[in-house]
Amino acid sequence: MKTSVVRNSQKSGLPPGALIHIGNKKTEQIKLSKFTYNENDFEEIVFKSSKNIETSINNDIVTWINLDGIHNTKVIENIGQYFNLHGLLLEDILNTNHRPKAEYFEDHMIFSLKMLGVNETGDNIISEQVSIVLGKNYLISFQEQEGDLFEPIRDRIRTKKGKIRLKKSDYLFYALTDTIVDNYYLIIENFSERVEKLEEKVLTSPDENTLREIQELKKQLSTLRKAVYPLREAVSTILKDEEDFFHNDNSIYLRDVYDHIIHILDSLESQRDVVAGLKDLYMSELSNRMNSTMKVLTIIATIFIPLTFIAGIYGMNFDHMPELHYRWGYPAIWALMILITIGMIIYFKKKKWL
Amino acid sequence: MKTSVVRNSQKSGLPPGALIHIGNKKTEQIKLSKFTYNENDFEEIVFKSSKNIETSINNDIVTWINLDGIHNTKVIENIGQYFNLHGLLLEDILNTNHRPKAEYFEDHMIFSLKMLGVNETGDNIISEQVSIVLGKNYLISFQEQEGDLFEPIRDRIRTKKGKIRLKKSDYLFYALTDTIVDNYYLIIENFSERVEKLEEKVLTSPDENTLREIQELKKQLSTLRKAVYPLREAVSTILKDEEDFFHNDNSIYLRDVYDHIIHILDSLESQRDVVAGLKDLYMSELSNRMNSTMKVLTIIATIFIPLTFIAGIYGMNFDHMPELHYRWGYPAIWALMILITIGMIIYFKKKKWL
Amino acid sequence: MKTSVVRNSQKSGLPPGALIHIGNKKTEQIKLSKFTYNENDFEEIVFKSSKNIETSINNDIVTWINLDGIHNTKVIENIGQYFNLHGLLLEDILNTNHRPKAEYFEDHMIFSLKMLGVNETGDNIISEQVSIVLGKNYLISFQEQEGDLFEPIRDRIRTKKGKIRLKKSDYLFYALTDTIVDNYYLIIENFSERVEKLEEKVLTSPDENTLREIQELKKQLSTLRKAVYPLREAVSTILKDEEDFFHNDNSIYLRDVYDHIIHILDSLESQRDVVAGLKDLYMSELSNRMNSTMKVLTIIATIFIPLTFIAGIYGMNFDHMPELHYRWGYPAIWALMILITIGMIIYFKKKKWL
Amino acid sequence: MKTSVVRNSQKSGLPPGALIHIGNKKTEQIKLSKFTYNENDFEEIVFKSSKNIETSINNDIVTWINLDGIHNTKVIENIGQYFNLHGLLLEDILNTNHRPKAEYFEDHMIFSLKMLGVNETGDNIISEQVSIVLGKNYLISFQEQEGDLFEPIRDRIRTKKGKIRLKKSDYLFYALTDTIVDNYYLIIENFSERVEKLEEKVLTSPDENTLREIQELKKQLSTLRKAVYPLREAVSTILKDEEDFFHNDNSIYLRDVYDHIIHILDSLESQRDVVAGLKDLYMSELSNRMNSTMKVLTIIATIFIPLTFIAGIYGMNFDHMPELHYRWGYPAIWALMILITIGMIIYFKKKKWL
Amino acid sequence: MKTSVVRNSQKSGLPPGALIHIGNKKTEQIKLSKFTYNENDFEEIVFKSSKNIETSINNDIVTWINLDGIHNTKVIENIGQYFNLHGLLLEDILNTNHRPKAEYFEDHMIFSLKMLGVNETGDNIISEQVSIVLGKNYLISFQEQEGDLFEPIRDRIRTKKGKIRLKKSDYLFYALTDTIVDNYYLIIENFSERVEKLEEKVLTSPDENTLREIQELKKQLSTLRKAVYPLREAVSTILKDEEDFFHNDNSIYLRDVYDHIIHILDSLESQRDVVAGLKDLYMSELSNRMNSTMKVLTIIATIFIPLTFIAGIYGMNFDHMPELHYRWGYPAIWALMILITIGMIIYFKKKKWL
């Protein structure tokens, strides 16, 4: 939470429209590449500099420009000028901390969402912002760093697998979105495994860090929700206003993505319940342990305090204590003590404490 | 929860539209059968191979194809080609982990819902996906394994019982849905019996597993909700867009199913409250037990500690302790101790601890 | 909860439309009676058999047929045939476990709601289903058993009191509904009295059954809510579609009923808060009691353990313990012990434990 | 809660439309007064009997009739006949337990709301119902007892202060409503002061009554909410249907009242959170106290039990215990005991228990 | 909370429309300044008295009047007369306790929101009301005291930086709003840092004040929410009715502000969860500490009580206790005691108490 707030606050005071990268620089290298394809041909270029983007956009060819690394505002600005993108849209691309959203401009739209991953130690969720600008017959995707989630799509273009080469940029838009959303399932799978591990731990060997870990999972769940929840709204926005950018036949694919998002949200709700249940489990384990500590104390005290009292009695120094002089006094006391102990044990057995 | 996530994640990375079975293979055998009937005739065929589905669909005869076992994508594909079904629809049939939903395609619709059952030991709920494709005068139902829930409907067709032979495929659709939804009552009945048993256990002999069992019931309740809740929406969708596939006279039957779903959801809400109350009961039982442990300890300690102190006094070795030499010193001490004990017991009785 | 589920599950497997009584048979005797009245005349007939219902329905006379006891499906069927009622409507009348609802058919509507009562011991709420079929100029009411809630209305018809004889069947509909809803106030009054009694008990002498009783009240509250909540929707449905069955002038009476329902729901919400607060009260009482147990133990132990230690010291058998031989050694030790005790008591007073 | 339910249940069984006073009679005396005014003139009459209300309503003069004391149904009936008010409206005026609401009749409307006050001891909230009937150029207000909340408005009419004499009855309606709503701020202020006092008490000296007091505040908050929440809806109803009764220019004043109600609801929500937080504070204080009791016990026991054991050792009567015969045995044991005590104290200091 | 209620209650009893300052006087000095600018020129005037505001409003020049210090009702009234502002609008400006809102009047609108800050000790949030009146080509902003949040905007006007000089008063409106909203990020950042510090404290060294501090943070969060939540509605109102006051091209900027508000609300929700989690953490820490206290007590008691009992046995004075006379009796008893102690320690190690 804090990080995102800090970053956004970098900007307060600046004039609106000022282009500034908000977020952590996640890569040194910037990579700008272009795919152009139609049913028959395809071309793949990696640009050396953002000044060289020269591309002829026409109705027959789909142009897909992908940028890995968005910390260089100059590059973003060049692309913005070339494609005549609105200033606020460029701002949104550079700000890695806003909510997933879809926004329409005159002849292009922006769709930004979170690409989720798991960190190296596997115990935290990392989130990267992806912005997709869709215009007539071109699509520009912005990622914070080079990743390989889109590689299968590139392969499909290269090898003409599936329908992608037969379709326009709206289908490419769908393919990218679908890839990112499908990847959420992996993240939730990882998350739910960690939840199960923690549940196991709560039930077998909870320690003082357990609640902290539960809190940590709660926060990660909140991160997940914040990535997915607004996405539903964003996709729903597109589904409602699809006329301009999406061919009618392709809207069914987007509805499919929408269904996946709903399904993921359902899963997150379930996880939320499970994590909330973990806290209850932990608190009840604490109570159970306290209870069992108390029982040990009570058993020991209840058995030995009366015995000690008896020993105390016969340690008194009264002149006239006839029992002390009996021949069998000492063994009789031992017998009494053993009887009392057995009685106590039976009592505790009946109470199910032993 | 986890399972469904794992399964869906099998697919991430694949091109959309790729037909792949997501879920557990629940049967070895695939059974493909066909019913054709109208008011006067009916025919029942079991196909040997999915290639042989040959059927003449016309306005006078209702065709019902039922497939038990959906793990063979080839069979699904053949059926899809024969009836000209949309690719995404086939994907949905093969994916056993999505939410209940109704979706419209050009000349057919798909309705998928969960058929619920109880496992053999009777302590868990199992869920199977049923997809129903409804076209003009034909209906195709897909189940994960052979089951006998639809057998009464088949009997009604065979024996011309009820109105089913007089009606079209939309009424068959209703009959199947109604059967599945009515079966939910049995499941909730089973569930509510288990909840009552656990409630009894919480109140009489809770142990360390009790909260775990409560958590388990919570999860099963969540499974139930996830099967029923989206169904409401799905049926409501059909009720709103019924023009094409449902004869006006039959919409009242669907509304009846809708009412049942609402009633089931109400029951689930009640169960949710009861299960949530179980946790409170359990926690308060824990507190009660702790309390009673504490009382035992306190009673024992409060009675014997003062007595032991008195014994300690007269175990001291001072030269000048006149009491020690009194003739009735020892019996007098006993009398004092008994008085103290009686006083304590009266005190505890007043405090209602004994 | 369970009961209602069990009953509904009686039906799963049967063809839809099969008439079967779902619920407990609450009376042996069936009573079928008819009132016909207009401004000038009225007639009251008790039928011997359901076959004899012969009645001429015309615009000038209001016909009210009332049936007490619905377990005989034959009678319901006869009535259904005579008035040409829809099969699903008859099913609804026979099923005593569905939610309150209003449903429109071609020339009649059904409104079903719960008549609430208190059982003989006064500690549980019983619910009976009442179905009211309203057609043009006739009204049929179905009750599970003979009751006297409608008797005042019959009296008003007989004695021409109020406006009822001047009005049509829609006003009769309102009068019946109003009577049932007004009766809810009595039930809530009874319920709220029991809540107050329990609150008193929690604060003065809670025992192990208390939480169970709180749970019980919660369940009854849930029963109340389930009777009233859907009713709001049902009445609201009628208010919106009133054109056909309700004269414009009478809709204001229904709105009045609607306001009462809202008011009752408000009261139920308040009761819900109070019952939820009871649980908190009880848990805090438990804590308070534990606390006071602990204090007793601590006071006793803290006073006597040091004293016992001192006694132990002078019970040691060292050869050289000069104190033992002092003349005033023994009284001095007593003085010391009394001082310690007084100190402790002052300490506890300051801590407000005594 | 209970009271209101009891009262309403007085009525169950009576025919609808029967005029009966529901609520407590709060005053003996009934006062009926009339103001007539326009820009130039004003007249103020106190009626001796409700039969004498004779008033000529015309477009130039605003007529305001105010009734203090509504328990005399005769008076209400006379007014109702004179102004031709609907029977249900009169019922609403007499029933002091319904929710705030606005209802439209043919040529008049009724607006009923709660006038809130604080009882004499300042620790409870009392609620009085005010009904305002607004017709063309006349307004009738009904209060349960004589009060002085409207006196400033009467003064404004008498002294021609503000705009009230220039405006019609709709502005008078606004002035009355505004006065009642503004008075809510005083009530909430009183309530919030009591909450703060209780918070202070919870933190400094909670006792067994504290939770009961928290419960009491919760109930009063619920009373407040029940007075204000439906009012929002009622005013919103008027804002939407204002055409007939409110001059366009005056609707902005009503919107202002609406804003105040929203603001008051916000405050109530905050108070709700604070009161809920009080319960947590109290429960944690209980835990804290238990903890500190436990610490005292543990410290005492942990220091003295080992010491008593040592004393016990040297109280044994073995023939061969060389330590007993050492010259410095006794002082050495004292030294050992003091060392142990110091060690324990250091340990507890480290644990921050001392 | 209380403060705002007290202030509003100052007004109850006064006629509506009476101008009275509600809130604390935050500054002695009133500063009234005017900016007029268009693309080519700009002028900046500080008025000596509010009577001198003379300004010619025309289409080519944007006029921005800013008032710091609103406690002088005379000044507000003068401005109101000059610009012909509605009386209720002036009331709203003077009342610093109402919710953020947007309201439309004939040819101007008012937008009021909260400017948030942190107090000098950095541990509380202070809120100041800003009202912005927007008319055709003029804008008047009212602040409670002189502040420097708007200084960067003034600089942009002076130095012609950004687009502000090219745009009309609607863009100025946006710039002011954007500045205030962006500043919220700083406040939340400060808040979230304090939450983190407290979380650290809860986990390492909670004391009796901790829950109080958590309560305090909750209240501040509530202040934040109350500033931001209604703002969403207010901006949304403007977005819907923008026709009159906002040029179409600029509505996208307002939508940007709206997105920021949503994002801030998301952050607040997260913070709310975190703070709620803090309470759980604290309560579980309390339980943990109690548990560890109990363990210390139990370990000490369980080890020494049996040992003391053994010592007690051999302190008895029976004539016939053969062990007492054995040569190795005393060392043997020591050996036994050491064995018991070791056994206990092993047991506690196994239980993970040591």
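The chains carry the letters A, B, C, D and E, assigned in the order they are written, with residues numbered from 1 in each.
The rule is simple: a contact is a pair of C-beta atoms (placed from the backbone, for glycine too) under 8 Å apart; a residue touches a chain by one contact, two chains touch by 3 or more.
Keep in mind that what you see is a predicted model, and the values were worked out from it rather than measured.
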{"item": "Smallest number of contact steps required from subunit A to reach subunit D", "value": "2"}
{"item": "Rotation in the CA alignment of subunit D with subunit E, degrees, nearest 5", "value": "70"}
{"item": "Distance between the centres, which are taken as Cα means, of subunit D and subunit B, whole angstrom", "value": "43"}
{"item": "CA centroid of subunit A to CA centroid of subunit B, Å", "value": "27"}
{"item": "Multi-chain contact sites of subunit E, meaning residues that touch two or more partners", "value": "283, 287, 290, 294, 297, 301, 305, 308, 312, 315-317, 321"}
{"item": "Contact graph of the chains (line, ring, star, complete, other)", "value": "ring"}
{"item": "Round-the-ring chain order [start: subunit B; next: subunit C]", "value": "B, C, D, E, A"}
{"item": "List of subunit C residues in touch with subunit B within their complex", "value": "1-2, 4-6, 8-9, 11-13, 15-18, 86, 88, 91, 97-99, 101, 103, 208, 211-212, 215, 218-219, 222, 226, 279, 282-283, 286-287, 289-290, 293-294, 296-297, 300-301, 304-305, 307-308, 311-312, 314-317, 321, 323-325, 327, 329-330, 333"}
{"item": "Interfacial residue positions of subunit E with respect to subunit A in the complex", "value": "152, 156, 161-164, 174-175, 178-179, 182-183, 185-186, 188-189, 192-193, 196, 203, 252-253, 255-256, 259, 262-263, 266-267, 270-271, 273-274, 277, 280-281, 283-284, 287-288, 290-291, 294-295, 297-298, 301-302, 305-306, 308-309, 312-313, 315-321, 352-353"}
